[in-house]
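The data blocks that follow each hold one structure.
The two complexes that follow have chain A in common; it is paired with chain B in the first and with chain C in the second.
Showing the complex of A and B:
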């Protein structure tokens, strides 16, 4: 019998691995496409705040669940808790920045540290709880896709399908909001509603990514694939599609790497893959530009 | 044009940024349909605030004194287009000139519908009107400042707006580009559009515009260029003291 933390205790290409791979791929697609909007609206740090802010919500949800005699490990309960606190942070931070003359930079730093500090304290309480240490909540910090259960996968799938459908249906309106908010408003688009849609999509991505990438590193999967796609160029729709594809690739590479190497959290492996994708996109963009220029020159001659 | 009422009528309109201080105070004027009107005044006079406030872009501002074609803005949004200052737009945004021109059609296309070939053809026609058709597939970030402004103008033309409100459209463009933009706006006016633009260069205003609103927190003068920009009025608005001939007298 293998040790409990052995890397290959589950068959590498078994049904569980396929479920984990599908879950990671769905998350990668969601993170890449939503990240394109987050990057375009210069809200990368806000995404980081939302990710870290999910932590106290998750811990509180666990404690409340246990208090009422429910299973504190229920994925829907944890997602709800993480989602509420991430949404609270994502909504209140820009408000704090505008009302208290802190600026986005200061407000993001204050909110991130505050929410994460609160999360750490609540996590200590969870760990001291009789069932807390066995709850496996620590995996939500840096992700552990291999520990994904079928209910986790269903929750992730439902969130991702709803979010991606919303994104596709409102794509052109959201892209105008990202490009020129004032013109969108004058044209009659409900910019406040669209802003909330983007905020909810960001929070949905954060909660969907808690299990696979972890709250501390989910931002890397939101931003790095989108940044790589942006470096590669093309229209906004093409950038979002490319970002989704890069997100899928990075999520799969991260999941496989964390499965193959002992004690490497999935979130860390995904982050490294996404960072590598970003740096690879720089020479790739140069090659693409040169080949395009060559084609144009040949056509002209 | 099927207007009922002036393209823009502002009556006793005040605006600020919610800190209790009013930047625009009791402004009243009416734009003449089919004319190019410049909003002129010193730095900090509240020209952009007037424009944004009248367009409902400042949430705390009461717009009950603002009428477009005789109606509240919400009833005639399809007929009003706005071009913000260049600095308000992220020109590194991943979009082609065609994508941006097509944005003017989003209201016509409708929610949940994609930009099909028919709409792309219409956006291409709008780009042709500003002589930018050959740049349709070029990323906007690779265009010059003047070309970017022309793409934004194409977006407004695609929208089919009857009133175009612009905030400093000629800023940071060279003489030739300013001439070209001015000619495009004049052509749009000849086709029935009304143009209202914040502008700081009095030379450009005299060359391209029919009328001016001289503004310094409130309306100092309004009318044909030679009346609104008379020396005495300019000295009053720009707080330069009385004109030299009055000092001599």
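Showing the complex of A and C:
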């Protein structure tokens, strides 16, 4: 009846575990670096909306897949569905905010209620579906890396690597857009295209994180490592690198914790690690600043 | 005979759910007007997530589903989340949305973790129920020789109390809350004590959300905090007008959503039960842009 959620028959350090751990680490790097841009553009809550908005797409993709007789558990199909609906939300929310004069907060709340509302309606349809495969969908809510298969990990890894490569290639242009949109357009950059690239990167992160962090908690892996890196300071490129490193660490902690302890959802463990990283970064930044000041005064004397 | 049975089932199943829905709408929606005016609509979302660990901890410590323990725990978590987010924003100077996002997802993760690992899952408090609500499980089930009120589900009493408290607070502090929303600095000059009023307001919002949370779920809480106010905003002439309008339009649309969720499956000839909280949130969200479009067609002399 249940989906093959039996991770404990597999040896703890088997090939599957290593694949999943690599997938999680790549996701952590992606979430940290994309989160730096999300934070710079002040779109943290939009990321929350996009994460939740993946649910209706995933549920619909599952139902469509079952309708056509495909396996509803095909990872690519679910990722495609989630990606389309998350993109729709990430695009329509700023549109609602500006064109319909709801304000960013109002538009976020409306989009969140609408998309997640639709998601829960479709989810209830999926749950009453006779096929036994719907058990796999439940873990997309809070994430469960322990139940991931190698093909899930490969799908995640491919998406994350493509997104990371794009981010690195367009890093200079994207950071100009994030900080000074007017300057970017004066310098002849196509700001519309770059904005779409950032939206697609956000959606790719959400989609890649669905299985490990879950749709409800993926936002935390986007903003908390980036915020911690921001607090620690440094140039934008260095912030993005630090954020990626913190992201990798949090993702691995989450994946290992959920593998080692029964019933711990990966998303919760990752979120707790990321939140802890953020709150630890505040005293850490103070210590760093003090030691830097001490070095400077020693040099001066 | 069949009509009597139908009436009985309506009374037992639909009536408690509808009353719970309307009470939650009054409790959250009225205060939500001020949140929307203050451009803090997402606070509703944040509090709805952050109260979870308090709720679960209250349950785990007392070991029973006692209203007071869970309510106190959840209200503490709600207020703590806002204070913590404000502190983090002041020390790190990040955007408010980021610190709020980090704090509420962190607390929500603690709540989910407690639910999944501790015994709280044996009760009907499971993580899915927390997200999607449990309007479908509110039944009127009187015992054979008890008084009529013994069968009323517990959540209904909490919700009714929250709705009354919210209404009384709004009637008492109407002017002060409006002033605080539109012009905080002149509120201070006029001696409104904005900090205390703000705290009182946030405590009221947390209490309303906690009371509604269990019955309608976090999806619908976000919907009923923000959507009615945003539906009414383009047509309102004053704050009082906006609140009244938001309650009237909000209740009509919410009841419509409930009817859609419970009757659409029979129209399509399937027996699938649709999640009513999700459907109501969806219908409320769709109504917001529609209301803005409708404004163009309703020509009102100013």
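In this section, the second predicted complex is superposed on the first by the 288 of 301 C-alpha atoms of A that agree within 3 Å, B and C clash if a C-alpha of one lies under 4 Å from a C-alpha of the other, contacts with A are read in each partner's own complex, and residues count from 1 in each chain.
Operating definition for what follows: a residue touches a chain if its C-beta (ideal position, glycine included) is under 8 Å from a C-beta of that chain, and two chains touch if they have at least 3 such contacts.
The model shown is predicted, which means the values in this text are computed figures rather than measured ones.
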item: Chain A: partner with more touched residues, chain B or chain C; value: C
item: Partner chain(s) touched by A:224 [first = chain B, second = chain C, both, neither]; value: second
item: First (chain B), second (chain C), both or neither touched by A:258; value: neither
item: Which superposed partner A:93 touches (first chain B, second chain C, both, neither); value: neither
item: First, second, both or neither for A:187, with chain B first and chain C second; value: first
item: Which superposed partner A:205 touches (first chain B, second chain C, both, neither); value: neither
item: Chain B versus chain C as contact partner of A:144, first or second or both or neither; value: neither
item: Which superposed partner A:275 touches (first chain B, second chain C, both, neither); value: second
item: Touching both chain C and chain B, counted on chain A across the two superposed complexes; value: 42, 230
item: Residues of chain C that touch chain A when the two form their complex; value: 36, 39-42, 44-45, 88, 91-92, 94-95, 97-103, 105-106, 108-110, 112-113, 116-117, 127-128, 131-132, 217, 219-220, 222-223, 225-227, 230, 261, 271-275, 277-286, 288-289, 292
item: Residues of chain A defined as touching chain C within the complex; value: 39, 42-45, 47-48, 96, 100-103, 105-106, 108-121, 123-125, 128, 138, 141-142, 216-217, 219-220, 223-224, 227, 230-231, 261, 263-265, 267-269, 271-272, 274-275, 278-279, 282
item: Interfacial residue positions of chain A with respect to chain B in the complex; value: 40, 42, 169-173, 175-176, 178-180, 182-183, 185-189, 230, 233-236, 238-239
item: Complex contacts: residues of chain B adjacent to chain A; value: 52, 55-57, 74, 77-78, 80-84, 88-90, 93-96, 99-100, 103-104, 106-107, 109, 111-112, 114-115, 139, 155, 159
